[in-house]
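Two complexes follow with chain A in common, the first pairing it with chain B and the second with chain C.
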Partner chain A sequence: MNTSQTTRIALYVYGVLIIGFLYLPLVSVGFASISKARYLSFPIRHYSTKWYAEALRSDTVSDLLFTSLKVAVIVTLVSMVVAFFGALAFARYQWRFRSLFQKLILLPIFFPQTVLGLALLMWFNSVGVIPSWKTAVVAHLVWIAPIATLIVAIRAYSFDPALEEAARDMGASTVTILREVTLPLLMPGLVSAGLFAFLLSWGNFPLSLFTTGADSTLPEWLYAKMVSGYSPLVPTLGVMSVVGSFALILLAMSIGWLVRSVREARAG
Partner chain B sequence: MERHDRKLGLLSAMPLGLILVLSFLAPLVVVAVFSVMPAKVFTLAHMPDFSAYGVFFERGYYKSLLWSLAMALIATLALFLVCWPLAFGMAKVFGRFTLVLTVAVVMSLFVSENIRLFGWVLTLMKGGLFEGYFRSLTGIGFDSPLYNTGIIIFGLVYVYLPFMLFPLAQGISMVPDDTRQAAADLGASRWQILCQVELPLAAPGIMVGSLLTFVLAAGALAESKILGGQAVIVIADDIETAFTFGQNWPLGAALSMVLIVIIGGLALFGVSRIDLDAIMGRKR
Partner chain C sequence: MTSQPILRLRNVVKTFGSFTALPGVNLDIEEGEFFTIVGPSGSGKSTLIRLLVGMDEVTDGEIWLRDRRIDQTPANQRPTCMVFQSLALFPHMSVGQNVEFPLKLRKVPAEERRARALELLDLLRLPQSYYSKRISQCSGGERQRVALARALAFDPEILFFDEPLSALDYRLRKTLEKELKDLHTRTGKTFVYITHSLEEAMVMSDRIAIMNKGHFEQIAVADEIYGRPVNRFVAEFMGEVNLFDVTGTAGGGLAGAGLESHMNGHAETCGVAMAPGASGTLMVRPEYVRFLASSDTADFTLRGILHGEYALGSRIQYEVETPGGQVITVEKLREDRVDRQPGAEVVLGFDGDHVHLIRGQ
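Showing the complex of A and B:
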């Protein structure tokens, strides 16, 4: 059934409008970050990059960035390992509790993150663990590892189990099969899962809110300043965080494109 | 081969299984136990007295809960209407533009939600992007639409759009073109095709999307704090206050439990009805 030309054009326009709607607030943040005035008011009269210079000099800012980075890197590495095995249990192997396992993974995703953070705070308190950035890693993992697993599982669904069976028939051990057959096949899924894990942890606020103790991540600090005691550094750091994330995505996409074109060049 | 699969399946489920048992299920048990403790204790070694649940009704906390649920419901319905045409376009009309849209929407997800909400404050406040430029062009100012119930719902719609859009698009892509074509050939109107072919066949996607948005929106906090200026106190806000200013963990735990039971019930109901293998594309 063909959709009429008018409808098609209307849908394209609607799509572009939705993208505009999603990014409009970031445009405002961008403008605010280069306004010279301490108390922001549009239209902006004087532009300056002094808040960027101030942010780069500040020790608080480098502490925040370092804490956020530490958490995100560890969450990424653990998520990738856990998601590799988790995805095989989710999609590949036929075992007794598979369906139960699939549903257990979905529950943390269908759960309000603020409440999850508080539940973890009470749990850490009861077992005598003092909250710090390390407990925030655990909190992020509860939500991010299942998402990473789902991403790898999509890839695991699409590969042919006969490849593994062929390796087994040739006498390869389970570990050899995992390393030589399964891992390379799942690699693209693992890389995107790692990227997702890093970015979701880097930007996460509701899970960090109650679980970082005396440490503070960048999104937490931004929130504290937004709710009370505005700082002109808020839009500046917001822009820096967004630009950092987008640069990482572009980097990952261009590396992926490079790897593909090298492979194609070799094959051709 | 069968026996091999069983062993490997269990083994490879272990790491994630352990994480979820130790840091998802166990904390929920702790919340449940805390919620029956007497007021203002910080350990579990007390006689349970269930007093926190009494406070839930006496002090009007149920009002916050009703606000949260009502706003989440309105946001979910609004999102369904906003996302349906776009999801339809992504699944059936757009070619390469679907990829562009997907990348654009996913990238917006990686920006911390409080930065994006703060951007709306800068856009909509008095002297913000809209009002400031409008006033300098026309000389006429207008009141900012911030700090009321409507803007909180707007914030929920904005933040949770991807969570409705992608499941919907997935659901619509499961409607076979032939079926729509056949209905059209037999003389069904556009409206009849929508109600009797597309909506029922896309139901799994609709259910996942609606459930996800409702559940996340019901527990949302940042929208009411940043955009709403606390025009309405939502349940997540009450929970936070009980833990921080109130220093009353059992009360916070009891409020959390009420929310967890409602949301968990809905999530379990939804999750038990989804055939994950079918949605995620099993090739067998």
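Showing the complex of A and C:
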């Protein structure tokens, strides 16, 4: 299709505005993180990386990162397992309560997270569990596992049930079919689901706020520092968190690429 | 084919809830034959083949593979294999890995697997370089061949086919039909094929079963089914056909629907003699109907108005409407094209040797 001159200019303007709207706040936090001053103020007069050095030295920061990482990694792994079997139940098999299951599993996603967090806190209290990072894992899972399930289910919908039947016809047992056919075919969906699970857990604030008890995750600490006693570590940690997430995505992509090229090399 | 059948079905019933898909099927398939089950969609042929390979369980009845009863044996323990309609090639594996899959399940050593896979690629006329190709890099016809190679790698006692050619374009389908027949001859295996296409069935099969509403209307060789269908359903299902409702006349001949009979007593030899007053359906295929000039004679004649002329490639099809409103189809080779304009009054004729009488319908 031919785009006229005016359409093209309009598209450029639109693109620049959208990018600006999305990234300007992030960039300004980036600048704030390399300001020398103790308080957030623009324009920045003196630049320095001292707050990064400070962050890397600080025990508080390493505790925060470790707690957040623990929670996110466990949530990711459990979500992937739950999502794999959940997606098969959701998309692949015909069973009596499937339609009900499909609706019920989506419900937690529509719950406002603050309400869900409070409800879970009350529930933990009433059964006598003391909130800690472990209860936060449970809370995150309630919200994140359904999302992961949905992502894998989309993949499961797109694959031909005849593939599993063909494998069975050629003599494969149920376990072999799962290992040789179902799992490899759902793998791209599982990897995306895992990435989403990690990022959603890593950045989650409302659920963590209610359910971590005495422990604190990175987003919680950032919020606490902003409402009471600003620390220049806030933008620094913000940037570190974004860079970390980005690195994770790159890592996942390169692992995917590696797996593919190994598989092709083996086939060739 | 004097030995015992390789596959025997005895009163096989399949119901889904209150719906009876197969009310009780009996069938014998001989060792080494190419057997095709043809039927319209919803005739139960897909249901039947799923029972035969073990994807679904029979509600009642018995399936015997030689001396072994297999109707309760799960699919992965039956020595049979199916080529699926969608082919069901594993997209995450290479061509070679697909072909080797059944061998890998039997723990055949890698070297031997590879050798067998290359051998099969050869048999299916695929270049050896395809061994490492991805499935997504193969064309429709090549995928067909890969699926066949994989099924043959399994080395099944019976190879089942669930309409694997239906998604291909016409030319490729024609080529593969012939290749499949050729492959059947070369491997000597028993092939059981289901399709809704009569042409496919006629090209490839030793015997054809016509299926309708869960039962077989007729099981016979192609010529028999084409030329001597047992009822209207089979006659109409097997291609273009002209059918006339007829009744026996006092002279031992037959008459009906604008048809004039000039059999002059040889109705007996042509197998169309009828008792006076008995009813039946007279069938003649379009290629046996002739346009008559005023001096020509034929055993049966009828008059009508030429309606249309349609080019079918090598043949021309004509439609002639009789005064009674029946449309008669006539087919001629292109070189025998008739020089008549639409709207012209014509006389059609055909002979007793080319008709078939379906009695009592």
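The working rule: the second predicted complex is superposed on the first by the 240 of 268 C-alpha atoms of A that agree within 3 Å, B and C clash if a C-alpha of one lies under 4 Å from a C-alpha of the other, contacts with A are read in each partner's own complex, and residues count from 1 in each chain.
Keep this in mind: a contact is a pair of C-beta atoms (placed from the backbone, for glycine too) under 8 Å apart; a residue touches a chain by one contact, two chains touch by 3 or more.
Treat the numbers as computed from the prediction; the structure is a model and nothing was measured.
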Touching A:G203, do we find chain B (first), chain C (second), both, or neither? first
In the overlaid three-chain picture, which partner chain does A:P184 touch, first (chain B) or second (chain C), both, or neither? second
Touching partner for A:G229 - first (chain B), second (chain C), both, neither: neither
Can A:A162 be said to touch chain B (first), chain C (second), both, or neither? second
Partner with the higher number of touched chain A residues, chain C or chain B: B
After the superposition on A, what does A:G15 contact: first (chain B), second (chain C), both or neither? first
Touching A:I154 in the superposition: chain B (first), chain C (second), both, neither? first
So, does A:G171 touch the first partner chain B, the second partner chain C, both, or neither? second
Find the residues of chain A that appear in the contact set with chain B and again in the contact set with chain C. 160, 165
Note: in the complex, chain C contacts chain A through residues 53-55, 74-78, 80-82, 84-86, 88, 90-94, 96-97, 101-102, 105-106, 132, 134, 150, 154
Report the residues of chain A in contact with chain C in the complex, numbered from low to high. 160, 162-163, 165-173, 176, 180-181, 184-185, 263, 267-268
Within their complex, state which residues of chain A touch chain B. 1, 3, 7-8, 11-12, 14-15, 18-19, 21-29, 31-32, 40-43, 81-83, 85-86, 88-91, 93-98, 101-116, 118-123, 125-126, 138-139, 141-142, 145-146, 149-150, 153-154, 157-158, 160, 165, 174, 199-200, 202-206, 210, 218-219, 222-223, 226-227, 234-235, 238, 241-242, 245-246, 249
Seen from chain B, its contact residues with chain A in the complex are 1-2, 5-17, 19-20, 23-24, 26-28, 30-31, 34, 42-44, 82, 85-86, 88-90, 92-94, 97, 101, 104-105, 107-123, 127-129, 131-133, 136, 158, 161, 177, 180-181, 184, 211-212, 215-216, 218-222, 225-226, 236, 239-240, 243, 249, 252-253, 256, 259-260, 263-264, 267-268, 270-272, 274, 276-277, 280-283
